Structure formats: C-alpha cells, structure tokens
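Each structure below appears as structure tokens.
Each of the two complexes below includes chain A, the first together with chain B, the second together with chain C.
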Partner chain A sequence: MKKLVKAVAVTMICALLTALTFTLSGCWDARELDTLAMVTGVGIDAIEGSDELLFSFQIGKVQQAAGGSSTQAEEKKPFAVMQVEEQGLMYAIKRLRNKTSRQLLLHHNQVLIISREVAERGVLAFLDAFVRERQMRTEIWVIVADGRADELLSEEMDQEKISGLGISIMLDDLIKISEVYDVQLQRFISNVISETSEPIAPVIKLIKRENSTEFSVDSFVIFKEGKAVGEFGIPLSRGVSWIKDYLKVFTVELPSEEGFATVEMSNFHNKMKADFTPEGAPLIKLNLKCDFEILEIQGFKGWNKEEISFHLEQVASKMIVDETNAIVDYCQSLDSDIFGFGTEYHKRHQKKWKTMKENWSEHFANLTMEVDAKASFIDEGKISDVLENTREKEREKK
Partner chain B sequence: MFSFLVKKLNHILKSSKRPDESNNTEDAPKLISKSLLSNVEMMKKILGESSDIKYHDFLFGDKSQYAGLLVYIEGLADSKVITEGILTPILVHKNELFSEGEEMSIGSLKRTIICSGDILESGLQNEVVNACLSGKIVMFIEGAERALLISAKGWETRAVSEPQTESVVRGPREGFTENIRTNTSLIRRKIKSPLLRMEHMTLGKKTSTAINILYLEGVAKDEVLQILRQRLKNIDVDSILDAGYIEEYIEDDPRSIFSTVGYSEKPDVIAAKMLEGRIAIVVDGSPFVLTVPMLFIESFQTAEDYYVRPFYASLVRFLRLIAYLLSIFTVPTFITLTTYHQEFIPTTLLFTIANAREGTPFPVLIEALIMVFSFEILREAGLRLPRPVGQSISIVGALVMGDAAVAAGLVGAPIVIMVALSAVAGFTIPTQADSISIIRVAMMLIAAFLGGFGLAMGFIIMLIHLGKIKSFGVHYFGGLAPDYNQQDNFIRLSLLSMKKRPMNIVGEDVIRRGEINNEQDTGSGQ
Partner chain C sequence: MNIETAKISPKYFVFSVICFIHSSSLLVSFFNTLVEQDSWMIVVFGTLCTIPLLLLYSWLANRFQGKNLMEMTTEIFGTAIGKMFSALYLWFFITLTALNLLDLTTFVQKSMMTTTPSIVIALVFLFVCSLSVRGGLFSITKYGPFVAILASSILIIATILSINLVEPDNLLPLFDFPHMKYMQATHIAASIPFGELIAFLMISGNVKIEPKKFKKIFIWGLLLGCLNLLILILRDTMVLGNTAKLFSIASFEVLRLINISDALSRMEVLSAVVLIMQLFFKVSFLYYISALGAAQLFNLSSFKPLIYGIGLVVIVYTYGLYDSSLKHVKMAMSVTPFFWMLFEFVIPIIMLVTALARKKQVKLPLQEDYNI
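What follows is the complex of A and B.
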C-alpha cells in the first residue's frame, strides 16, 4: 500500500512538472494570440536618393475587450502602421521586433502595396522574400499605389476599417463582376518568371473627400521584366477581360447614336487559338460568344423591342472586337505580353516555339488578332419596351 | 526513473484486473435438528438478537399434541399470509384435520393445509437461514427433520413509473423498478416467447443478491453466454448493491475508459437488445438492466430511433455522431488553432478571437481547463444537491461562471462558447458521457503540448484503442467495417430492410422477419 501511494505521488508530481513545463513557459512554437501582431498589409515605398526601401507594416490592433470600458472618448484607428528603412523585407521584420512588444504574424497579410516609384524601379528583387518565407501566403494581392504605399495603409476605409482587409475584400468582390483580372501574388510571380508573359497589377488611388475616403480601382499597371512600363484604364482593361477567360458576369454600358443601354453579359464561351498568317507571322484567333440581358435602356425613340435587341447585339459584338484590338495594340507598343500569347504558342506549336522564343518580342510586335465576337440577346427584364416609348405608343392607340 | 514508474504503474494496473477464479472451500452443510428448542437456539445463534426477527410458537392438532414454530422477519414477510395462509388453516381446522390420530407429517402439512403457492422443504441450516433473510417464513415442527419455507414476501416496492434517465417523446414510458421479479415480468410481457430463458443466481456473500440472466434461446450466442456465466461465477465479493457492481466485475477490459457493458432503464430497450442477440442481466435492487455484448455504435442508438420513421431517425443519429466528435474536439481544436496554427483561422475570425483574448491573464489551455473543470463541478453539484437548491446552482453557473468571468476579463468569451458547446453536445450521448469528459481533457493537454499533430495522433490512438477492445468476444467496433451490412449504423435504414439481426452478435436464429406479402392489399383498393 505504501509503495502504491509513493508510485502515485511520483507519477502525479511528474505529470504536474511536465504540464507546467509545457504550459507556462511558452516553449516550442506555441504562441498565444495576445503575443502576436497580425500584419494585414505590407507597403513598399522608395526613399529618395537611397537604395533602401521604406517597408510599412499595417498591424491590426485588437481592442482591449476586457474591463468593459465602453466610454472611450475618441475612436482610435483599429490598426497601427510601423515603418522600417531597410534593403530587404526579412531584415526589416527582424528590426521591427526591436520596436514592438509583439511578434509579427505574417500569415494573415492580405495585400502587398507597391508605390508607383518602386514599381517603375523594379519589383523582382524584394519579391524573393515573399516567395521564400514560409509564413507568407501567395494568395495576397499585388497592388500599385497611385502615390505612396504607406498612405493607402494608414487610411481607414469607410466600411472595413482596416484598409488592408478592406482592399482584399474589395478586389475579391471585383473578381466576381470581372472588373479586375485576378492578380494575386502567385499569378504575378508565375508571370514574372515565365519566358514571355508579363504581369499586370491594379492601381489603387486614394481620393480624400470631406466626409469620406475612397479607394478606387480605375487602372492597371503593365510590367515588363519586373518594371512598370505602362498603364491603361477602364475601356482597355475590359479588353484584358475579353481575352483572358476569367469572365463570369460582366456589366457594360453600350453607347450608340440612337440611345444608351446598360447590359449584363454572361455565359461566356471563350476560344483562343494560336495560329500563323500565310506569311508566317503569329495570328491569334479569338472566338468569343456571350449572352446579355438588358438592365437599362434610354433613347431609341420609335424603336421596337426586336430592333433594339438586334442593334445592341451589333454594338456589343463590335465593342468586344474594338476593345480587344485596342489593348493588344497598346501592349504591342510596350512590348509586354500580358495575355500569355507566348505560352499559347508554346503549348500548341512546340517545335516552332523553340525558334520563336529567341525573338518573341519581335513576333509579338508582328502579331495580329482575329477576333470573332458574338453577343446574343436573351432577356429584357420586366418591361419589354423603352419606358419613354411606351407612353407614346399608348397615345397612338387612342 | 521512468522504468521505475512503468513498473509501478504496471503493478497498480495488474492489481486492478478482474479477479481470477478462486475456489472457496465450503464446509460440509449442517442439518437442522429434530428438536424445536435446539432449532430456536440455532436460529438465534446465527441471526443474533435482532428486533425484527419474530419467533412465533404454536400448538396444533386435535389435542394440541404437536408444537410448531414460525420464524420470519417483520417487514419482509407479509403478515396477511401468516394469519390467513398458515395459522388459520392449522389452528382453526385442527379438529377436522388431525382427529383420527393420523400421522402428522411435514409433507401433508405442505400439501393439504397451508395456503401458499410457493412452499419448499429444506433440512439444511444455511438454506433455512437464507430463506428467512430473503423474506420467507420458516416453519419448524417438533420432531421433523425438515423445515417448511413458505414464500410470503410482502414489502413496500416502488410502482412501475416513467424512467428518469431515458425519456422518450414517442414510445413506451414504463421503466424498471428495484424489484427483480417486477423487472423480469416487464421483459416477459414484451417477449412472450417460450424461448425466453431466465437463469437464476445469487451473488454477494453478505447481500445474497438475486441475479437473473435473460436471453432468447438460439438468438443469443452460446459463446457469449458461456463467458458471461463463467465471469458471474467468478465474482467473489461480499456485496452486490447495484447493477454497476456486476458491470465492473464482468467487463472485458476494466482498464479501458470505454464501458463495454450496456445498460438501460426501459424494458422495451432491453427487449429489443435481447432480440438482436444480446443477453440481459437483471440484478435485484437495481432499476438498471445490463446487456452484453455492447458495441460502440450502441451508444448512438436510442429506443426512439426505431419508433419514428427512418429519415428523421437517421438525421438525429448522424447529429449524435457529430455531437460526439464536437464534444471531444471543439475545445482541443480551439486550443491548437489559437496557439499553433493561427494561419488556419480566417482573418476576420482571428481578429474577433484575438479581441476576446486580449487582456486575459492565462494561457488558453489554462483558460480552457478552468472552464471545463468548473463546468464539471457545476454539473456534479447540480446532480448531488437537493432539488430545491439546484435552482441556485444554475443561476451561479450561468451568471457567475459564464457572464461574470468574461466581463471581469478572466477568460475570453470564445472559450466559454466552446466549452458550453462541447458540454451540451456531450449530453446527447449519455452512455459515453463519462468517457467523453476524460478524453476531452486528455485531448486538450495533447493539443496544448503538441498542436494539430498531437491532436491527430491522439485521435488515432483513441481509434486504435477502440478498435482493440472487445466486449464478450465481440469487437467493440464490430459492424462498423465497410464489408458489414450498414443497415443500422450511421444511418438507420427502414425496418423493412432489416431482414437479419446484427450478424456479429446473433446466434443461430438470424432471420428477423419473413417476406412481407403486400399484393393482397394493392388489389383491393376500392
């Protein structure tokens, strides 16, 4: 009996000691949540007259939930922005630890914001850390700031207070309505390292109003070998969407002399074929079919439903062809293959590709597009005629 | 150091194993004497001077030439039987019966005079004493070598009522009582088959508790029956006060935290289990009837599953399985996610959790342990307290433990939610509730030490253990293998498709139902 008591006592003490070792010292890689600083955005700015970069980290601050002190006089920002001047990201993070009480948690980083100046200087060098470090996710958004990157990070968004989170949610949503070609880090990197393709990145512009701050996505930056070389806005960016098969639903306005219509396009069937002209120059055949339904019509005085829908089909098809050619022309002028046409030739014409890839930029400049677009009308909404016209028709009846 | 520990633990564990067969040598049986006086002396010597033991002597025969003695225990023996069944016939009709000088014998008394349905003769001292103690009336006659044991049990018992633990919305509401005969009769009423067998046994040297083994001949497996009889025979203790005593003695693996003996308070459940080939053990004095062998999946089956239509029954059973996993794994998963794998938590959720964790003084494991243990304490207190005081416990539990602890910033709100969820989920599987509590704490510690990896290992170890243990030679996980007919496991199929009894527990009589001929009904629809 004595032995048993002894054995039990020894076991208990051992168990207690083990438990204490494991729980109280914070050993191994266990990290309590209240020792971590959650990074929600990383911004990179250039420093004038220096090779070093200004790294800004947006850290989501957690409110002091305890104590029940709800009477806070003034509402503080729910995040902090910490900045370090350093050549590389990882050492910047290390130096940042000297400044904060908490360890940075990079897993939840949402955006990488590069200032336009840095984008023009080149992004390849510092992207290394983003791909190498295990904590970094490759699903983060790569964004070019129209202005300084840290400005974007230090402003609150109207709905989502933490701008890093807000931008990521906004871009996620934009993908669904096909406004933005999806430029997450993994795709950006794979385009950067591929032989011929080049990435693009959305530009976010900060517009400060009296009562609100807007983060607006209007244009995209084209990269060439890791450096920003050009920029295009909304009508051209639609051209990217037509070529890239990422479209699901797309709302466009169709202006014509007779009237104006807003339509929602859907059911896209996108067929791209890499081919050659009789002279041997590359020829991309793009066949795009889609349906549209009318969301809004104005004008078209005296037209009936069939006439309008037929007319809109024509306008829409022509618009797709025009916009596609426009963006391809623009990219050709910059010698930046953002569409991955090179990859297409690589896939389809492997033998020829071996010789083509040597001077792809030459081939790309000579490339011609043959776009065949067909938009079909499917639905006109709750009323069939233009509201302005129905009134006149009623009068005629009487 | 470690080897020492292991040795000690082994020693302790071995000593807790089921006791092996041990033959207790009995003395040669003692006979009762012919003399009434010496019998009285013998009884008084064995039973001592107890105030509830009554000795009633009387003379009978036409010339009062015979002397007799009744020994019984007041409160156990029915006084009505004594007056109307024994004394009245003997004393009132003495002239008619014993007039012609006829030789009076114990046999003729038993056969012609005493009015009782159950009379035995015995000449052995210990049998006589035991009979007296179990409520029979012992009748000694001067000059007779044997005594009459007249059954006159009449004590207060609880009426058959709705069971407290297993209530149903739809289905029979009667529950077992503490009386073994009532209980066996309740089962007999459910199964009116000549194949229903009841084997009697008395266990416990001091308590002499009556135990009945009930089974359906042919439906129950012979091997299981053999093992059960053997194990019951091997029980050598002085007391059996409840079915729980038996359960612990006949388990396959007393070291396992999983119970391998089923129990129920409802006759319909026991009958259903017996019809699937299980064997019931009814213990006198306990409203819980045990069944063996027990399968793991049995914990997730309730009586009501079979009384409602299969679709809803399947949904609820699936819910129970999920609740089982939730009950064990919510708190450990929360611990491992917040201390090791923060990247698994969606960003906005992470901020919510971090907000709640901010400013709380303890590591999340300690926080969780505080909540889990205070919940277990509250539950235990709520169970033990007299009912009128129980109200205050729930107020203390809800307000002080939950609300105030969070408001004071001692624990985070998410952990309160997690603990509450896992606790409530545990109540959906009452038979596994005790093992869940233990596994939950173990998993919490593993999760805090080793993270997600440890949690996965813990789960695998738990599965290996569950796969290893057996109940009376039947695998605990029996029937869950994919090659087995899955008609009554994770989902309950229609009764129409359950043509056979569960193959792993049933004996020879496999077929549950014959073909149903519905053709007659379909034609006469007018």
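What follows is the complex of A and C.
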C-alpha cells in the first residue's frame, strides 16, 4: 500500500512538472517568429532645428529574404524601415510598438549606423541605451554614414539584400583581408569611457550607379569627447593599424619611380614602448615588422631580382614609417589620442601618469615618435623575374 | 542529536565546496566596481583571508567530532544560550537561501524570461530545489561533482575559445587604486562568497573522513573553487578591459563576443545554463541546512516536515529583502560584510574561546570506513 501511494505521488509530481513545462514556459515569454520584428540595423539621423533624433529600424522580412515564390514578394524589398523621432532609443522603440503588430527583437541587430551630422553633434548620450538594454549585443558594428543613415538602411545590396546584414558581412570580410579594422560597439565604448583614448569608426559611402548600388568603406572618422572631429582615408588608416597591431593581411601598391609593384603584406609584429625623451617629454618607440610577397610587378628595367626585392623592402619600410608618422601628426593636430598612448603611459608609468594625466592634451601634442620598421620580402609568386624584362635579358645573353 | 544520518565521501564534500564558491561568480559585481582590473587580486587576497577561517571551522569540527554547527553551539554554551546561537544561525542560513534565490530570480528574469513574473520563477525553482532537499544530504551533494566538473569544463572551453579576444595588457596598471579600496573589496570577497563556507559546518559531521584531515579537504575545496573564480575574472578582464566594470555579469558578455568562423557564436547560453545549475546547487544546499537547522532547533526527529514551510518562508523573505538590485549591491558593498562577520568570525571565535575555557569536546572512536 505504501509503495502504491509513493508511486502515485511520484507520478503526480512528474505529471505536474510536465504540465508546468508546457504551460508556464509558454505563458509569458512565448515568442513565435510571426510575432516578432527582427531588427537587422539601427540608424540614427539628425533632425534639422531639433534636439531630437530620427531613429530608423531596419526590420528583416523572413519570407522575402529567403526567396519567396510569389511575383509580388519578388518586387517588394526583403525588409522594411520604420522610423520615429525621439530623444532616446528606448522611448523610440516604445513608440514604434504602437505602430506595428510585432514586437521589436534587437538580439539580431548587426549594425549601428550614425549619420555624419549626428556624429559631429555627439554620440555619447544615446550610446547608453545600446549598452544598458539587455537585448543589445556589444559585438555590433558602429558605422558613420557618409550622408544619411536611413539611406544606407533603405538600400538593397547586390548579394545580401538586407543592407544591415550585408554591411556586417562585408566588414567581417574586410577586416580579414584589408586595412579596415573592426570597430565593434565593445571596442568603441571601451575608448569612450577611457580616460584619454578616443574612438574611431569606419565611414560607409553609398554610391548609386545606373544598375547597381555600391557600399564602400574609404575612410574613418575620429572622435574627440564623443564628437566627430576629423577623418582620414585608407593610407592613414594603415598608420593606425601599424600602431595598434590590428592588421592581418592586406594588399598594397608600393610606390616607386623605377617600377610598380603590388604586394600582399602579412605576419605583422608590433612592439610599442612608452618612454621619455631626455627632456622628459613623452616618446613612443615603435618597432614594426612584417613580411610581404609580390603579387604583380611592372618596370624595373635592367634590375635583377635581388635588387628588386631589396628596393621593395626599403620602399615598404619607408611607407610604414611615413604612414605611421602622418597619422600621428594628424591626430596631434586634432588633439585626439585614438592610439591609446595615454593609456599606455598609465599602464607602464603609473607614478608619472598621476602628474601627466591632468594635462595629457599638452603631452600628446608634444609627443614624439621613433619608428623602426622592417618589411621583409618572403615570396615572389610563380615566376622569379619581371615578365616584361625577360625578353631583354634573353637578348643580352645571346 | 544529528538527525541527518547519511554519510558522504570527502570527494563529494570537496566538489560541493567548489560548486558553492564557483556559483558566487554573480557576486563579483560587488567588488569589481571598486578595483576594476585588479578584481582578480581580490580573489587571491580573499582566499588567503579565508584560509584562517577554514582552519578555525576545521578546528571546531575536529573538537566536536560528528557534530554539526547547531549541535556544537549547544555543546559549548549549554541548551539555552546554544539554542539562541542556533536561532541566529538559522536566520543566517535562511537569509542566505533567500538572497541566492533573489540572485537567481533576478538573473533569469532580466536575462531570459523578461515578461514572466519573478514569483513564478522563484516558486518553480524552489519547488525543484525542495525535491532535491527531500532526498537529503546525499541527494544534494551527489549533484556537486556533476555541476562542478561541467562548470569547470565550460569555463575552460570558453576561455580557450576567447583566446583571440584576450589582451593581457588589460590587467594593467596594477595596484592603481587607494589601499582602502583593496581592503574593502577583500573584506567583501572574504565575507560574502567565501566566508559563507561556514554553512558546511552543518554537514562536517557527515563526512566520512578522519576528523583531523577535515581541514585538508575543506581548504582544497576552497582553493579549487577560487581557482575557477580566478580564471573567470582574469578572462573577463583581459577580454573586456575597462568595460568589464560596466556589466553586472561580465562573463555573459564575454561569451557573447566569442565568434569562431560564425560556427561557434552566441555562446552566452552556456554561461546561463551553468549559472542556473550552480545556483540550483547552492540554493538547494542552503535550503537543506536551513530545514535541518530548524528541525534541530525545535528538537524534531526529521527535517522533512519542515521543507515546504521553510520554502514558503524563503519565498516571502526573498520578496521582502530589497526593492531594487541597486539597493542589494549598495548593501553588499557597505553593511552586509560587517554583519556577516558576526556569523563567520565573531561567533566561531567565541565558540573556540568558550570551548577551550570550558574544556568542551566530543571525540568519536576512529572508524574503519574513513577515507580520503
């Protein structure tokens, strides 16, 4: 009898737990795909003559993105852009709830696009919500639009139709193969809250052609106290990468009067030392090393391959030094320490930092650089000589 | 007399201590805002400060062999004063249960089930814990090795996967804050997660080990648990840098950042699962010793009739503790560490002095099934 009671009790508890699993889990937090609006990109634009901002939410439509079969579906864009004017993000989301039958899901957001005008006004205030809100992820890209943010979100890309996803995929690829480096929200915020460091963000330009639309990353914006104060192009962005050791692999044309060479640079090694000059001014010593292989070569008439490789090593090393000095000069003129030099002094010279931090701007302006760069030639591709010089060399032999 | 007759092996005891310490990863936010990148040092300092406490607890366990904390107080102070101390400890254990239940409820509601009323989460969770408590000491501690090994494995795997995000420079500069902040943070760490190990004195009499060797397994448990916590804090600081202090659960953010070729990403769910399992163990254990303590206080022959009653008290208590997480953190950083010292240091010291003065001790004959 006792065993029977125990068996009944256990069965009832199991039944209760099973019932709870199916009922309680579905009561409050049930989220079906057809009740959600998945945000794939958030854009922020300025409104003329107003302190409010125009928040744009790109919402992916699952059926169209996956290739719906109906003709109507093919004509429509695979996303919708919803907009609302508000001072803060979270209230904007609340107001959007009144305009849509679906709940905004921010877990899948890929990009935060800020218009250039908003970047110049300042970004610190509205970034709070992007870190505070639990749905938000800190690995989203922070991008400045060369123009309006909602234009970027409203355009389709050639391959990936939803531009929010497309931009994210494009940037993910670019950081592996080019001079573009990742500026995800976590890194951006880290610089924003740092004592002296300042963040940067890539600028995306929309180029409309007759039959297509291109999204291009050609420059970066420099911030100072949360406001965009300057911009630099790809050559100078390499300078930032040399200092911050962001680069993985990239292709570059080496300028030379004697010829022309396209090389792929890789295996980057960076050593930075925060030091002082004999007068006590900050001195950054940089030791940079990398390897390169030749992808294409033209000119260099009468040169043998040893001469060419030695010359290219010299050119590449000089290019590294020049680009590094150029970007530091430019940032010094803007008084924006995007390299984290101040943080480096804080970490390595704690005692001196206590006196330096009060007037870091002054120290940064007087900072000098010592760059020692060495680019090493490692591979020449399938052929060892310059093709256009081969005939001449054959004639010389005969 | 001890109404729990089950005996557990030292292995289960060690894993239980590891699990208890590791489940305190949520409480790192109590001190990481104070010393930021130096939080890892606080784990080391806290551990060093806790070792003498564990030696004190082990001395009591050795002096009063086969007895648990409640019985020790009665042995040392006599029935009347002993029961008074027992009542204080009962309140302490019920408070710890309620606080940990509050942590769990807040975590689940804020991170995953945002619209589910927290009372439902607390009720369902505590109901499952009560099933575990009904099984007694063996049922609860048997779960310890599984949770401890799983949590440690996930910690190591996640740390390896985040290796490309790690920047060791983020640990610099060292000792960048005023000395008082290190003292305050160490005090918080030593009293809130680590000093709570006094709860294990409630089961010290149920471990199949030679009483003299009890301190060895206690300290091993502490060291291994703290090692887990240390790895976790070091990883979080090296990955998140100065942003680690912004997040209440930094490891959750670190696992969000892991992305291995798009194949392994959005791994924060692992962090959530592990945390819930660890808190299930911790709440069950504290719930069990609360029920056991209450039964001993009222001279009952079994703690089982009290399980649901204590559960209801814990639920009500949880909702009366703090109005907001801000107040919870503020209290944990200011008042709680001093208050907890009463239970973790002052009373045990009084017990030690009184036991020596009154020459009180209980010795058991050496048993054959002791093992280590």
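One rule holds for everything that comes next: the second predicted complex is superposed on the first by the 359 of 398 C-alpha atoms of A that agree within 3 Å, B and C clash if a C-alpha of one lies under 4 Å from a C-alpha of the other, contacts with A are read in each partner's own complex, and residues count from 1 in each chain.
Throughout what follows, a residue touches a chain if its C-beta (ideal position, glycine included) is under 8 Å from a C-beta of that chain, and two chains touch if they have at least 3 such contacts.
Since we're looking at a predicted model, the values are computed, not measured.
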item: Touched partner set for A:D29, first chain B, second chain C, both or neither; value: both
item: Partner chain in contact with A:K94 - chain B first, chain C second, else both or neither; value: neither
item: Which superposed partner A:K248 touches (first chain B, second chain C, both, neither); value: neither
item: Touched chain A residues, chain B compared with chain C; value: B
item: Touched partner set for A:A7, first chain B, second chain C, both or neither; value: first
item: Residues of chain A at both interfaces, chain B in one complex, chain C in the other; value: 24, 29, 137
item: Chain B residues touching chain A - in the complex, by the definition given at the top; value: 4-5, 8-9, 11-12, 338-340, 342-343, 347-348, 350-351, 353-360, 363-366, 407-409, 412-413, 445, 448-449, 451
item: Chain A residues within the chain C interface of the complex; value: 13, 17, 20, 24, 27-29, 131, 134, 137-139, 186, 189-190, 193-194, 346-348, 350, 353
item: Chain B-facing residues of chain A, complex; value: 3-4, 6-8, 10-11, 14, 19, 22-24, 26, 29-34, 36, 38, 40, 60, 62-68, 105, 107-108, 110, 135, 137, 165
item: Residues of chain C touching chain A in the complex; value: 110-117, 120, 124, 128, 131, 169, 172-173, 175-176, 240-243, 246, 253, 256-257, 259
